[in-house]
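Below are two complexes that have chain A in common, paired first with chain B and then with chain C.
Our next item is the complex of A and B:
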């Protein structure tokens, strides 16, 4: 009985969350009004759809794909070509439905290439997706008529007459189009997780053998999930084409596929909202972090390695676990540990980043001056004391962090055990 | 004829280089079930170590030391990072090596810069190993080293074509064959090799017999990455040492491993040679569908003659061929050429 009550309350809280999310999408441009934030929010919407579609494979199907950008990228190309054809008057389609063209293109390529890739699962699947991604990327350099060569294909999204004053000229109008697509895609993708296909996909991830025993063809399940993922990736790509009005070969490149994988994982593949966080992080990293330091990919790589080893559920899992501890009132016991980890982690980061920035400075602008300003501190690459100081900061940080981590893990295990004990009691 | 011989030798040497990489990858995969996504990153690391060390300590020391250092880096990564995620399953292992490939690429750019470094072959490997001379009157002959003045005929009626074979390519073949033989000898003829083979299939039993299986895993990982480092040193001065070198060769060796059959060393060998030869020949062939059709006597409209698809020559399509081979293999023989299990 109590089970039933809690279930119905979950549904209503779900509706609350969706409502809040819709409000957020609508109101965000009125809060963050600058041009930068407007373009960033548009990109976030696109990245959210892309990461969510990737997570059908990674999180829900256990398929680690190295070539997801193929489907979003082909979506981009088909959308921009459709846009240009509409502009030339070859046929008529409203600009607002053009991302669907991209979606269909992504789906078409998923049908075609997925037939080969989804024959396998696990590690082999990953390698084949990598091969497919390289195949398409190499082809993009061969067929310059379709892919536009080095310069790419550009277009103009303001075509035809304005409908109710909307011509998609201003960024704000594009943002709302993206927001609408983001919201609808999210609802659909969430609904997918509740369907029999979504459920059996989870089963295929966890135990393919048993799924075969109960009479399902695991290859078919993977194939269908792959096609759906391709469709939504194509929509994200189509929106990207409308947003940037230019598509270059890098949209199908391995770097883009890698970014989808990296940020979907960082956001958290085990929760539905993880990739949403991942998409937001992706844009923040690409736009802001890359401004802050030239070595941003290095930091990103280290954060990724750290997360794979210590927090395989990504940020979403970290948030959910701590929320649970907070609800159980045990957060106070962990608080000291968190502060210790944070402080020692910051110490480690300060030392490591000072070293990294000094080496980069030597590499890139050594001819100009030996000094650089990093985080408000002037570092001199010629002063040995600066190197020693940064190095010892790093070592001290590492030592303290390891010590704090061991202590924290002890408390953490105890808290987990207590929570599990409390949960199992009648 | 001389074109065929030289291309074949070039293809073989490239294939053998691919095998030096894919053998390590296969060894690690069949032993630990880990696909080392960063394998090509170790190849790159080997090239850069070789570049720096050869500048300080000379070529021969670098040739020995750089693979050892690369192997040590591999062992460090295995014992400190990879081992921790082993219990979380294959996806995590793949992810962690994927993350490593990012880190290694960035570290290389941090330390050695974003542009190619000037890593050239030592003096004794510069120039050709031998030159094939096709004399229109005297026929085919072979000269060791560079041909010199023979190639420019005194008599204008005589046509002479000289095709040099670079010494660096010969060195690749020599090293790779030496490596294959010693690898085979270690794996099948020594006690350590037998223990490795046993740990491959029956890790629990080997552990019960008192062997330290995690340490064997670490050694295998070090061996695989060390081989990649060795390939990196000789590949580095034969081709080009730059941050993009890992990405160029990385995806090809994954194709090799799938085409050969996951976990099969002999399959990897066959596939490496196959792909090396195919790619080398394709680069040299300037033949397109358009030419093929016109050779057949098919008359095409001007519009069709401007078609990019038809104009595409085999040499332009060369980068795609390994992946097309991959697709064909997966459709017609999903377990790979010599694979025994359907993974």
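Our next item is the complex of A and C:
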């Protein structure tokens, strides 16, 4: 009985979440009206689809692919070529369905390359995807006819006549196209997790050997999942082509594949919505963080390391765990600990980033001036006191953070034990 | 009925490198028979199961299931022809719930294959069958518990559930009671008897009490050969069996 009740409430709360998400997508451009935010939101939609498609492999299938950008990238190329052919009048397709061309291209390449990669699992699988990614990237330099060489392939998304006043000229119209694709892709990808293939994929992730003994061919399960992931990656790539109106070889490059992996992991591969966070973070990092500091990749690397060590479930897992604690009314016990961690962490960050920025300044701009302004503070690379001060901040922060972390872990374990105890009681 | 063997092994050999593990096993198991396979450690009992279930391909010889040759086929192909197995070391889906473990186990046999166009929650047959098996293995009250959080005995029961739920009519159980206490073992054997009713059963077992309680026939495997295959009473009286077991205790091996 209680089972029935909880089940029906889950369904309705799911519908609430989808409804809210749809509203968010529709209303966002009316709240964040600047050009920058419009560009960023468009990119976020694309990154969300890409990370979600990657998580079919990583989170749901246990396949650590190092070459997912091949499928999104080929989607981009096929879409931009299709766009140009439509522009030349070779054939007619509405611009709004062109991302599907990208999807089919991504799927086609997944059918082709996945046939080889998904024969294996684990480390071998990863190595083969790495090889495939290098192969395709190398080809992009060889076949400049298709890949456009250094300059890439550019296009113009305003082709043909406007349909109901929509010609995809203004960024806002492109945003809504991306938002629509994002919403539909998310619904479909969530639905996939509730189907026999989706569930058996989880089983293959957990224990591939056993799956073979309940009638399933694990290679076929992986292959099918791979093809579906390729399709949605291709859609993301196709949207990217429309959004930027230019496609360069880096879209199939190893750096892009690495970004999908990194941000899907940061967002959280174990929860469906983790890659959504990952996609948002990816754009924040690529657009804002890179604007803030030249050393942004270094910071990103530190965050990644930190998360792998302390929170391997990513932000999604952090949120879910704390939500559970909050619901159980135990969040108050952790509050002081979180404040302590935050303050000592900020101290550590201040020291470390001052050092990093000064080193970067020495390397890149030393000829101009010994001074740099970072976060409103003027630092002088020639003043020993500044180095000393930053170094001491970092050390003090490290010490305090470690002290706070140990204290926090004590409370944390206690809270977890209490919750587990409460949970096991009927 | 008794004239149709479910499982036939003919002159089966398996060697790893130069080491012969299975040296010409012949065995014919009738439909509905319960066969216990005993023998000292290292006799090749688990290897024999691995050959029959397709985990390894035999070096030579034939295996027939319901009259069809299955030697050299992949595990999933053999499973689809109606043979299922459990493992000595618990082999379940640790991050899926008890219910999901069982539902996964029935999907193929109910024909849902690789479907991504139907929702699990609407597959009435799969949900009912998984529910039924959850009750049969007495884990209905652990429906949503992740398999990795079950007790050892519960995991062993789930192992049996996963093996049986797909509806295979030939079942191999590899030391189903391994690692269980005396009282757990008794309860568990009763469970196995109930759930394997009407099935053709082969079980590797060390506990002689269990063997004599469960089996219609006993196959004695020593150094890769079946030295006796008969009713429990006849096996007990068999001179070669006594000889094989005299020098070493039946439980501790050679």
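Following the convention adopted for this analysis, the second predicted complex is superposed on the first by the 426 of 426 C-alpha atoms of A that agree within 3 Å, B and C clash if a C-alpha of one lies under 4 Å from a C-alpha of the other, contacts with A are read in each partner's own complex, and residues count from 1 in each chain.
As a working rule, contacts are C-beta pairs under 8 Å (C-beta built on N, C-alpha and C of every residue); 3 or more make two chains touch, one makes a residue touch a chain.
These figures come from a predicted structure and were not determined experimentally.
J.: Check the contacts made with chain A and report whether chain B or chain C touches more of its residues.
T.: Chain A has more residues touched by B than by the other partner.
J.: Between chain B (first) and chain C (second), which, if any, makes contact with A:408: first, second, both or neither?
T.: A:408: touches no partner chain.
J.: Touch test for A:387: chain B only (first), chain C only (second), both, or neither?
T.: Neither: A:387 stays clear of chain B and chain C.
J.: Figure out whether A:194 sits in contact with chain B (first) or chain C (second), or with both, or with neither.
T.: second
J.: Should A:216 be classified as contacting the first partner (chain B), the second (chain C), both, or neither?
T.: Second partner only.
J.: On chain A, which stretch or stretches are contacted by chain B in one complex as well as by chain C in the other?
T.: none
J.: Residues of chain A touching chain B in their complex?
T.: For chain A paired with chain B, touching residues are 58, 62, 64, 66, 116, 119-120, 122-124, 126-128, 130-132, 134-135, 138-139, 141-145, 254, 258, 261-262, 265, 295, 297-298, 300-302, 304-305, 308-309, 312, 356, 359-360, 363.
J.: Please output the residues of chain C touching chain A within their complex, sorted ascending.
T.: Going through chain C, the ones touching chain A are 53, 74-76, 79-80, 84-85, 87, 91-96, 100, 103-105, 107-109, 112-121, 123, 126, 143, 162-163, 166.
J.: How about chain B: which of its residues touch chain A in the complex?
T.: Residues 29, 33, 35, 81, 84-85, 88, 90-92, 94-96, 98-100, 102-103, 105-107, 109-111, 113, 247, 251, 254-255, 257-258, 262, 308-309, 312, 316-317, 319-320, 322-324, 326-327, 330-331, 334, 343 of chain B touch chain A in their complex.
J.: Help me check something: in the complex, which residues belonging to chain A touch chain C?
T.: These residues of chain A touch chain C: 3, 191-192, 194-200, 202-203, 205-207, 209-218, 220-221, 224, 228.
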